[in-house]
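In the two complexes below, chain A is the common chain; its partner is chain B in one and chain C in the other.
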Partner chain A sequence: MIELFMTVFSATFFVTVVRTSTPLLLSTLGGLVADLSGALNVALEGMMLVGCLTAVIVSVFAPWYIAVLAAIAAGALLGAVMAFFHLRLKADIILVGFAINIFAAGGTVFALTLATGGDKGTSINLPSKAIPALDLSFLGVIPGIGHTLVQFLSGHSILSWVAAFLVFAIWYFLYRTPWGLWLRGVGEYPAAPEAAGIPVNAIRAWSLLVSGGLAALGGAQLAMFNYVGFTRDMTAGRGFIALGAVLLGARHPVGALLAALLFGFFEALAVVLPGLFNWIPAELIRMIPFIVTVLALVLFSYRALRARQLRTLSKI
Partner chain B sequence: MSMTTEAVLGRQARWANIRRETGRALAAAIIALGVAFVIILLTSKAPLEAFNVLLTAPISRPRTIGLWIDDVAKLTITGLAFSLVFQARQFSMGVQGQVYVGGLAAAYIALSPIGATWLGIPLGVFCAMIAGGFYGFLPGIAKAKLGANEIVSSLMLNYIAIELCNYLVRTQLVPPGSGVLTTNDFPATAVFPALVAGTRIDIGLIFAIVAVLAVWFALYRTAWGLKLRLVGHNAQFAEYSGIRSTVIMVSAMTVAGALGGLLGAMFVQGQSYGKLTILFEGGLAFEGILIAIVARSRPLAVPVVALFYGYLRQGAQLMNIRTDVPSEVIGVVTAIIILLVASSFSMPGRKFFARLLGRDTTPAAAMEAGK
Partner chain C sequence: MAPLLQAIDIGKTYPGGVVANNGVNLTINAGEVHAVVGENGAGKSTLMKILFGIERPDRGTLLLDGKPVNFTNPREAIDAGIGMVFQHFSLVPSFSVYENVVLGSEPRTGVRFDRQQAIEAVRALSEKFRLSVDPLPPVGQLPVGQQQRVEILKALYRDARILILDEPTAVLAPQEVEELFVAVRALVEQGRTVIFIAHKLPEVLEISDRITVMRAGKSVGEVAAREVTEKSLAAMMVGREVALRVDRAANQGALACEIKALKVTGENGATLVDDLNLRVHAGEIVGLVGVEGNGQSELLEAVAGLRPIAEGVAYLNGKSLAPLTILERRAAGLASIPEDRLARGLATGASVAENLVATRLDDRRYVRNGLLDLKAIKANTEKLIERFSIRVGGPGAAVGTLSGGNMQKVVVARELSEQPKLLLVNQPTRGVDLGATQFIWRSLTEARDAGAAVLLSSADLSELLALADRLVVLYRGKIVAAFVNSDDLTPETLGTYMLGIATQTPAEMQGALR
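Presenting the complex of A and B:
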């Protein structure tokens, strides 16, 4: 038990948590933007997966940042497809989302087979690149806390810093700009912005595009930093966990950050546990993130329900 | 006996509706296959052969016909499970998890002493349905009591069930020390007898047919079914008219769960396996979404759609084996069909023909399709 505490409170564990949280956070932010505009994006999983594969394949031929941009573009394209079928052709958003997921699950394996010349499982034969880690070892010169700062802050993926910045940027956009107000209004009560002459469908379409881009950015982090390379179904439910994190984070960017960190923490725990306690079966450890998501969702829903009941009671 | 005018009109409207839906589904399938053909043409070295295998291989031999019909029975059950929850306008995606817990329950019965008696099949199926029903009940009750989103919870339960199956197979069900991830073959008394010798067609097909009729009866000939469809149509209205929509919702998800559990038993106790292997379901459960959507969640249409889709699915798998085109290309076809059928896309040129014939393109029809 002591070892577990030692591990959990170490700087290396913190770095692992940041690493496992980053794809979740990016994807959660994507889910948040779509959700606030009134479109539940169940396709986060598929968009992440397509982001993974795009990033890996493009990085074989181009620098890492081009690969990341290509992943974002691929995700945004899927978002545009969703927007087209949902908004123009009036299909149910959840069915469209699952169609995208099915497309991604099959399409990525198909594309991988083409890219590798027959390998259906992994991209191990492709020399794909990684996203560089940001080296902040110059902070070490600060007397006293310098060493600790380096241990905690150095060595994160550049995208982790981008994700942290995006939490702030999306918060600012949603709550401090007129467009953010429109977006939230569209999600809350579309008839009102419609009457005020705000292009409701255009806003929904843009938020789906952004949502897809963010989810695919999470995928790029997954396939170019957490792991280097693509394996079949490598997102392993992270997009669905992100969907849970949107709800758990009370549909707020900071809440999304906290929820993503929570799930990232348990995923990191699942990474370190086999080394510490080899008697715990691997299958049970792999279950942890999913069990935590269900429990967190149930507890959060219970609290939200209580809050609603209390509000109605106080009105009477 | 003369029919009233309303009955005649109603029947005509229904047939017109069926014709329109069938036309849309066929058009969507043709478009999707066209896209698949282009993809194969661009990527395969022998595209015509690959496409030929995709479209003709399943009926080439009795054995492949057996594979196809076995798939159809399974696809029918998962399509029914999704149809039930979709009719109640729930988006529970838990069939996959229910298949695994159902398969586990059936395997425990089959490998126990009971499995060697005549009780092996009925009790195995029964326990599988109970386990699946319970697994479907969980997201239902969490939604009804707490408002927990059923999509997320049911998807998480899927992953948990898969890992649970992996764990139990490795630690309990496999003979110790063997290192494989497959149980011993079930005793013959616990394996569904084949209907056609030498093929995989077994009494699972009969279960599927019975399930179609039972779900149809429950939905369209019982008070529960009427309430369920009302809740799906407009939950608020149903609530105002005195229907306890949460009870209906939970029961729909539980019954769908029992169907998922039945599918689990059909997998492990069927001729195709006759044992429990990890990851035995192979993604089939989710294909029920396509079946349910194309069938418009109508139980009687489900097996028809399953017949067509199962054919395509089997063709893709044979194409995977015999040519250089991977079977995953079918995912693209599936996605396109869902997108087209679920949307208000109308058959290409429909408006043009309608104008040509001097009919107006009915907005009511478009509204209906958009639902």
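Presenting the complex of A and C:
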């Protein structure tokens, strides 16, 4: 037990949590933008997966940042496909989303086979690149806290810093700019912005594009930092966890950050636990993040229900 | 001087072949309140949608300031200075008042939404036009009358010279109507023009300068409000003399329904009906008065079995209703005309025949050995179509293809095809034309005279005053006043209690709560 505490409160563990949280956070932010515009993006999983593969394959031929941009473009393209089917052809968004998930699961394996010349499982024989970690060891010269700062802040993926900045940027956009007001209005009661002459469908389409781009960016982090290379179904439900994290985070960017950190924490725990408790089957430990997701969502709905009851009671 | 806005010979046929407008002329002068009246289905709404750019006319011309205009969407109409307040508000509930007002045309500094400037603008507008409303709270928490002001402010913020109000008084209590009229007059004083769509004639005569009457898709006349009476206006609308009067109950029978200490709570635990005691006798109509959302619907739903009773009891002829299922309640003689005919009263995709028999699927006349007796069902339908003069192609027509009035007649026909002992009625003539209203009122009084105890709720006070023998006023789920109906009872008196401004003492209510 003491070993567990030692591990959890170490700087290394913190760095692991940030690493596992980053793909989730990016995907959650993507889910948030779509959800607030009133389009539930159940295709986050598939968009992440396509982001993973695109990033890996492009990085074989191009620098890492081009690979990341290509992943974003691929995700945004899927978002555009979703917008086209849902908004123009009026297909049900859940069905379109699942079609994209199924397409992504099969399509990535197919593309992987073509790219590797026959391998259906991993991209192990492709020389793909990684996203560099940001080295902040120069902070070490600060007397006293320098060493600790380096331990905690150095060595994160560049995308982790980008994700943290995006939390702020998306918050600013949603709550401080007119377009954020439009987006939230479109999501809550589309008739109102429509009557005010705001193009409702265009806003939803853009939200889906951004949503896809963010989810795929999360995928790029997953396949170019957390792991280097592509494995079939490597997202392993992270897109669905992100969907839950949107709700758990009370549909707010800061809430999304906290929810992603929570799930990231348990994922990191699932990484370190097998080394400490080798008598627990590793399969059980790997279930932890998913069980936590379900429990957290149940708890959250229950609390929201209680809060609603209390509010109405206080009004009477 | 050329009129401000002119519509000449407007024609509009919807894709389904429904002729909504067929030769409509409308002339609006600057600075007047111009009412457009007509029965439901006369084409008022279509005309307004054309003026506001939601629909495009098939023929005819629109002239604004004497120049032809052609709006392809509301944005163009807004830019030309036309604002519209719909009956169903288009407000985002969680947004504050000022956010709703400026939505779509926000003041900005850089990319930032300048909230302070928006709040100031809303304050200035509401002062200028005497539409007092606090800019800060979320609109979802405001009463309907205030939400309507927010809608008007929205149009004014976009510099509307012409403001179209679509049935603005339908959702308001009498006092709120007065406040709205004060605001309308303030608007006109400041040089704005108001187009007022309505069907309540006393209000139209009070507020408007000139009136255009529409009937069956045509404009049939334009009159000055000073020169007409309610009666002559009604005759113009319907095309014949109408008498919207009904006879009071001749005699009252024994106690039929007794409600004791009834409490109904919502899903979130809020109390909707609180400690309510009421007795209804055979052969009388008891009217439930109240601003919508003060427990009338919930009371009726609880008695009908559509909602659980939290505390208390409701008896029908001495038998408690609580343990009975809806079907058992119906077998005991309960009938119910629900508030929303589309959601709860009818299956719109099903045929008239199927709807008429839907509550009688345990009746041996229509169902034998688990199979429908189609012949008997058809015969029953034809009989009811005849008796209730429902205008429909045949028993097999889908209910959804009928007009609002005829749909409501199908509901009434089903509920009254067998004489009920207790009849629950909620908004019997909402969205129904005058002819059908007359018919439905007569059906209700016939059921009453045949011995039904009737509990009636309606948002239309004149309907309650016309039909009810006794009236109880509900405010926040409690009875705050009770009256025996008489010609002296006015909407204003009821309004004071509806808004909770006054409450009768138990002794005062005693006389009317037999």
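The rule is simple: the second predicted complex is superposed on the first by the 316 of 316 C-alpha atoms of A that agree within 3 Å, B and C clash if a C-alpha of one lies under 4 Å from a C-alpha of the other, contacts with A are read in each partner's own complex, and residues count from 1 in each chain.
Rule of thumb we're sticking to: contacts are C-beta pairs under 8 Å (C-beta built on N, C-alpha and C of every residue); 3 or more make two chains touch, one makes a residue touch a chain.
For clarity, every value in this text was computed on a predicted model and none was experimentally measured.
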Is A:191 touching the first partner chain B, the second partner chain C, both, or neither of them? second
Contacts for A:181 in the overlay, against chain B (first) and chain C (second): which applies, first, second, both or neither? second
Considering only touches as defined above, state whether A:107 meets chain B (first), chain C (second), both or neither. first
Now for A:237: first (chain B), second (chain C), both, or neither, which partner does it touch? first
Residue contacts with chain A in the superposition, chain B compared against chain C: B
Please report the chain A residues shared by its interface with chain B and its interface with chain C. none
Contact set on chain C toward chain A in their complex: 73-75, 78, 84, 86, 88, 90-95, 99-100, 103-106, 108, 111-113, 154, 266, 268-271
Could you list, by residue number, the parts of chain A that touch chain C in their complex? 176-178, 180-182, 184-185, 188-189, 191-198, 308-309, 312-313, 315-316
Tell me, which parts of chain B touch chain A in their complex? 39, 43, 91, 93, 142, 146-149, 151-153, 155-157, 159-160, 163-164, 166-167, 170-171, 283, 286, 289-290, 293, 324, 326, 328-332, 334-336, 338-339, 342-345, 370
If we count contacts the way the header does, which residues on chain A are in touch with chain B in the complex? 40, 42, 81, 85, 89-92, 94-96, 98-100, 102-103, 105-107, 109-110, 113-114, 118, 120, 236-237, 240-241, 243-244, 247, 281, 283-284, 286-287, 290-291, 293-294, 297-298, 300-302, 304-305
